[in-house]
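Same chain, two partners: chain A is paired with chain B first, then with chain C.
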Partner chain A sequence: MNQITKEMRDLARELLASGEVKGLIGWTKGSRWYLTPPVVITQPEEAEQLYFDQFAVNNLTGLLLDYRYGDDKIALFVKGCDSRGIVRLLQDHQIKRDNVLVIGVPCMGMSDKKAVTDPRQPAELPLLDKCLECRYPNPVIADRLISGALVSGEPSEPKGLTASEAAKRGVGSKQADRFAQVKAIEAMSADEKYAFWQAQHEKCFRCYACRNICPACNCRECIFESDKKGWVNKSATPTDNAFFAVTRAMHVAGRCVECGECERVCPMDIPIMALNRKVIQDINELFGESDAGTDLDGKMPLGLFKNDDPEEFM
Partner chain B sequence: MKRIGVFVCHCGSNIANTVHCEKVAQVAKDFPGVVLSTDYKYMCSEPGQVMIQEAIREHNLDGYVVAACSPRMHEPTFRKCAARAGMNPYMVEQVNIREQCSWVHADKEKGTEKSIDLLRMGVAKVVKNEPLYSTTIPVTKRSLVIGGGIAGIQAALDIANAGYPVTLLDREHTIGGRMAQVDKTFPTLDCSACILTPKMVEAAQHPNIELMTYAEVEAVDGFVGNFDVTIRKKARYVDFDKCTGCGACTEKCPKKVPSEFEMELGVRKAIYTPFPQAVPNKPIIDANHCRYLLDGKCGICKKVCPTGAVDYEQKDELIMERFGAIVVATGFEQFDISAYEEYGAGKIPDVITGLHLERLMNASGPTAGKIKRPSDGKVPEKIVFVKCVGSRDEAKGRPYCSKACCMYVAKHATLLKEKMPNSKSYIFYMDVRTPGKNYEEFYARTQNEYDAQYIRGRVSKIFQVGDKLIVRGEDSLLGRPVEIEADLVVLAAGMDPRSDAKDLARTLGISYDQHGWFTEAHPKLQPVETHTAGIYLAGACQGPKDIPDSVAQASAAAVKAAGLLSKPELTSEAMTALCDEAICSGCGLCQSICPYKSIEIKSVNERYHGQMRQRRVSNVNQGLCQGCGACTVACPSGAMNLKGFTNDQILAEVDALCQR
Partner chain C sequence: MQRLKAFPKAKLTAVLETMSQKATVWVPSMIAGVSRFAPYRPEIDIQMGTNTAISPKEALFPSTEKIYTFSAYGIDGEFEPVDPSVGLQILFGLRSCDMQGILCLDDVFLTRGYVDDFYGSKREATTLITLGCVTPGADCFCASMGVNPVEHDGSDAQMYDLGDAYGIIARTDKGETLVKDLMATGLLSDTDKSQGPTSDFVLKVDSEGITEKLQQMFDHPLWDELSRKCLNCGTCAYLCPTCHCFDISEKKRNQHCGVKIKCWDTCMFSEYALMAGGHNPRPSKKERVRQRFMHKLRYFPERYGKLQCTGCGRCIAKCPVNLEITDVIKLAGEAKKDG
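== the complex of A and B ==
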């Protein structure tokens, strides 16, 4: 058992035994060596189920939405990228600050299980692209910290117990490439772009995994499941899928916290983050650089009215 | 299905020249819901409107579409027309086939096709229109006038005389503004103070006017009829309730400071009233220069004050007041001549501006009305005026004419000749502009009776030789260079907007042009209104103006303000945002984006799995909402909808467009 897992279990046991929290969301050892899925526990003795390793990639913050109308205090573990989801939910007033206990963990970078060749044979796997591009390896918000994790609201180097391991694995080594795919697509001709996206949208079968994992997708009633037909159809045709993709991107415009989970969970490998990043790039150009979900008191560029907002379209 | 009427307007030949109106009306007959479609020469005319009203009754219409000019032009007309026939006015859609079609296209076939498309969209939309109703909001029967120059004073007096309370606010500690600095006024040569001071006193004593000097607008919330204005009352360090204005403090104060009022040609004290006729005529302490406030030493004013009015502990005070209407009369700044290095401006002491000369001429000015040049106090004989300094000069970013300079230069030349018969004025000009009553006559007298020599041409350089100023320029009428050895040069500096005008505009939510002049709602037909209802403009803050124009505009703005205040209540916008509480997730994005602060988050109880639970939802204040729609686009859930422009209606339009 690794040190982080041990500290997780100890803290979880303590929090649940003392009654400080009613439940706790973490990760557990999965059925295969490369699986570390989420788990919700409510009893101190269940703390033994918790587990953390380089496959604990799931952003757990979206699960808090299940508790948004309750008054139970829930604890959950966050890596740097996940923690911005907490800020998202707080800024969107979906959870109450007092009803969540955020536990920050250090992150060594998450491995890409799509690179698994033999499901029976553990092997060294490359980092996920989103971890190579990571700019916030440390939690931006936390009430408790374990294993030397540190809170940082600014882009920073990995800290804590796994700092050197993270550095060795190359966490954040490709930060500069964050907008590379956006630039590549921007360089295409209109026809090429259309062909590119059409090919992507043909793959989508509307499983909504991207929506379900996203902490910014926190509407009470998702428009894609609304009975108000018209704007978008549920059928998985390329046209409707394109509409779905663009609508989803616009719904999280200015609110996407770049955890990259949408793209990771997509079973069809659609480059969903390219669209999110295009919006982020445009917002940065129009309203100045900012990172959504890093500053709880910060105002969202698209959530604010200013008389001197750029309005070159007028 | 609703019963829809379609009325296609020819607008004389405005539309009919580029659009086959009959054909458009014919095609529209087949649009879903249309039971009547017709065309007419002028729909907005009386017979046109009667035709529509008869059709509404005869065909029992639920709604109608008029294809005509821009809704900006005639939407109110056609809404009223519907109301007269008993139809809810919001069951009308106006399709713009003039500005957006006939005026911008030349090909009649294509224009017709486009008109049909636009009309099909309009019909698709109106089918989904719902009757809307406006509510009423109360009007706070008080007005705020920002700026206490002649325009502000006039506006305040007119509103007060109409019977409404006015707060006259000035950031300086006296009202009077620029006009108080002026010596005499054209074209009658009245002494400026003699006609201004009675008005200042009248404003101060008027039972309906509250004078609030040395105060600035900090923030403006709310909307027409009910503006909540936060005002910063700056610390004066003198308790005006105790001060009698005896002047002992000013006399004894050891600190001398160049007087802003005297254009720094004279001095004032650190505790001072800027000029003898100031209103209120009580001193304040200039915290930037007071020795006691800066280093805690001195305190003489406090010692000599017989009533104990000096209070070094005074702090700025923030107050919030509610006003129904606001008149902005913040005036202008004189252009900073130091931009003209070639004229030695700002470097040669005897190159001065018009306002400097006003103070030199004024009997209560620093020289007691004797014209003495600033450098050595010598009485000048040859005076050169250079016009259009900081006006009509693209290179200096001032393409506009400052309007008052031609006349004030003529006035100066006249007055100089009167004061000093041996003097001679030379006036370099580009054009002489005298479009005012008795202005041209005044200008003619300046030339013919007062011997001013007008030289058409621009001055290229001014420099010092000994105690003379060499003015080198060109006489473009004679086509040869001229050089004049002058004793004094007066640059007729133009008008600039207040350097912080843009900040005030943002605070008030009004617009300004590229230079910083506040923008009127319409250059011809709404010259004193702003685009923000309930806020009006008076005087030079809207653009360069002389005194008669400023006063006239002030009275116009006052009538607008009083007209607003005279209404028992205001009708609120009917096309407002509405939140679908079932969908709203209470994220509050709409609240932070709302420019009118009309959205609040409220808590609703709902039954969920047998238990009551509370959750947050947005609530739009229907009185404050102006229907801008910012919240509807910000809302991630689509819970926010703009009545009259619902997502459904817009979708119907898009669908209709795609159906061609």
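== the complex of A and C ==
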């Protein structure tokens, strides 16, 4: 058992035994060596199920939405990238600050399970692109910290127990590539762009995994669940799928915390983050650079009016 | 007993060309970065090595279909049915799990006194060619669900992987016609080779007695535990070769005209069981997760005498939170009946 896992279990046991929290969301070892999926526990003895390694890729913050109408206090573990989801949920008034206990963990960078060649034999795997591009390896918000994790609301170097491992594995080494895919698509002709997105939207079958895992997709009733209003419909055609994809991207505009979970869970490998990043790039150009979900007290660019805001359409 | 015929793997394109002269041939291929069955065309990127990421059910049960178009002005209403039939088609290189999946769909759409024309017309027009598996994928567990990965007797013709060649043998008249057409081109020759057993599975589970066990577990606390991490997305259902739920809705052009459509739906969605008036008998993740696994492993076997999970492993491969049906079977099997 690694040190982070041990500290996780000890803290979880203590929090659940003392009654400080009613439930705790963490990760557990999955059915294969390259899987470390979420687990929700409620009893101190279940703390033994917790586990952390370079496959604990899931952002757990979206699961807090299940508790948003209750009064139970829930604890959960966050990596740097995940922690921005907590700020998202708090700013969107989806969870009460007193009802969540955020535990920050240091992150060594998550490995890409798509590179697995032998499901029986553990092997070194490359980092996920999102970890190579990572700018927030440390939690931006936390009530408790384990394994030397440190809170940082600014882009920073990996800290804590896994700092040197993270650096060695290349966490944050390709930050400059963050908008590379956006630039590549922008360089296409209009016809090429259309063909590219058409091929992507043809694949979508509306499973809504992207929406359901997203901490920013927190509408009580999603517009795509209410086709009776006649604005949207259920048919999975390229046109309707494009309408879904663009609507979703615009609904999280200025609020997307770049955890990349939408793209990771897409069973059709649609490059959803390219759309999100395009919107982020535009917001940065129009209103100045900012990172959503990093400053609890800060104003969101699209939630704030300034007299000198660009008004090209007026 | 007819002898096994074979064609070299290098001649695959010629075989598909021959077949596609008479029918649309759905082949496993890479389309915009995702492996799925798609109509053969010369430039297609064929992927015969492992099973497709997306189930072939879309060839028989598309995610969206038009039912009829309508227009209504005052008391004058008209509607025009949409013909659901397709031309002749071949599903080429189906794996045993997906063949078993089609047998499940047959049960739902063609038996018990009602034939669904949307499915039935396509099924009738389709020739199914199965292909034996040599190496199971990382998420495969068909053998645990009583499916033989080497061959399936539900198809019209069976292909075997013979290393550098594919063996083929007809099982039905449809299959016989197809093999004869290939014989006529000179692409086939006799062979004495046979496909060996499939290599060992990474995932295994004992599904013996799961239906009977689940009959006593409707109120079991296991469903609470299992459902907590579920996102209630539709990934599992939409990748599943046997999930067959659809919802009827409409696409209106304006307040008078439009088209009635049927689209895939899933018990995972919160609005799936929502009734007029607002009551939802499956109000939380617990009821939805329970329904999905109960349907696969209990209700379907009770009604049709076969498990509705064929071990294709797609839901396991793509579940965003790794809620794996093999774990569900294992945990339900181990659970104490009263919780």
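Throughout what follows, the second predicted complex is superposed on the first by the 311 of 314 C-alpha atoms of A that agree within 3 Å, B and C clash if a C-alpha of one lies under 4 Å from a C-alpha of the other, contacts with A are read in each partner's own complex, and residues count from 1 in each chain.
Note that in this section a contact is a pair of C-beta atoms (placed from the backbone, for glycine too) under 8 Å apart; a residue touches a chain by one contact, two chains touch by 3 or more.
Predicted model only: the values in this text are computed from it and were never measured.
K.L.:
Looking at the superposed three-chain arrangement on chain A, would you call chain B and chain C a clash or a fit?
P.N.:
Taken together on chain A, chain C would fit alongside chain B, as the superposition shows.
K.L.:
What is the value, to the nearest 10 degrees, of the angle subtended at the Cα centroid of chain A by the Cα centroids of chain B and chain C?
P.N.:
Once the structures are overlaid on A, chain A sees chain B and chain C at 120 degrees.
K.L.:
Name the contact category of A:180: first (chain B only), second (chain C only), both, or neither.
P.N.:
Neither partner.
K.L.:
Tell me which touches more residues of chain A here: chain C or chain B.
P.N.:
Chain A has more residues touched by C than by the other partner.
K.L.:
Would you check which partner chain A:93 touches, where first means chain B only, second means chain C only, and both and neither mean what they say?
P.N.:
first
K.L.:
Give one of first, second, both or neither to describe whether A:31 is in contact with chain B, with chain C, with both, or with none.
P.N.:
In the superposition, A:31 touches chain C alone.
K.L.:
Could you look at A:66 and tell me whether it touches chain B, chain C, both or neither (first, second, both, neither)?
P.N.:
second
K.L.:
With the two complexes superposed on chain A, say which partner A:302 touches: chain B (first), chain C (second), both, or neither.
P.N.:
first
K.L.:
Have a look at where A:251 lands relative to chain B and chain C in the superposition and call it first, second, both or neither.
P.N.:
Only chain B is touched by A:251; chain C is not.
K.L.:
Contact-wise, after the overlay, does A:220 reach chain B, chain C, both or neither (first, second, both, neither)?
P.N.:
The answer is first: A:220 touches chain B but not chain C.
K.L.:
Compute the least Cα distance separating chain B from chain C in the superposition and give it as a whole number of Å.
P.N.:
6
K.L.:
Which chain A residues are contacted by chain C in one complex and by chain B in the other?
P.N.:
230
K.L.:
Residue numbers of chain C touching chain A in their complex, please.
P.N.:
31-34, 53-54, 63-64, 138, 202-203, 228-229, 231-235, 237-239, 247, 249-252, 261, 263-265, 269-271, 285, 318, 320-324, 326-327
K.L.:
Okay, in this complex, where on chain A does chain B touch?
P.N.:
Residues 69-70, 91-94, 216, 218-221, 223, 226, 228, 230-231, 251-252, 255, 299-300, 302-305, 307-308.
K.L.:
Touching residues of chain A toward chain C in the complex: what are they?
P.N.:
Touch list, chain A to chain C: 30-32, 35, 37-40, 58, 62-63, 66, 116, 119-120, 199-200, 202-203, 205-209, 211-213, 225, 227, 230, 233-237, 261, 264-265, 267-269.
K.L.:
Which bits of chain B are touching chain A when the two form their complex?
P.N.:
By the definition above, chain B touches chain A via 505-506, 509, 582-589, 592-595, 601, 608, 613-616, 630, 634, 636-638, 647-648, 651, 655.
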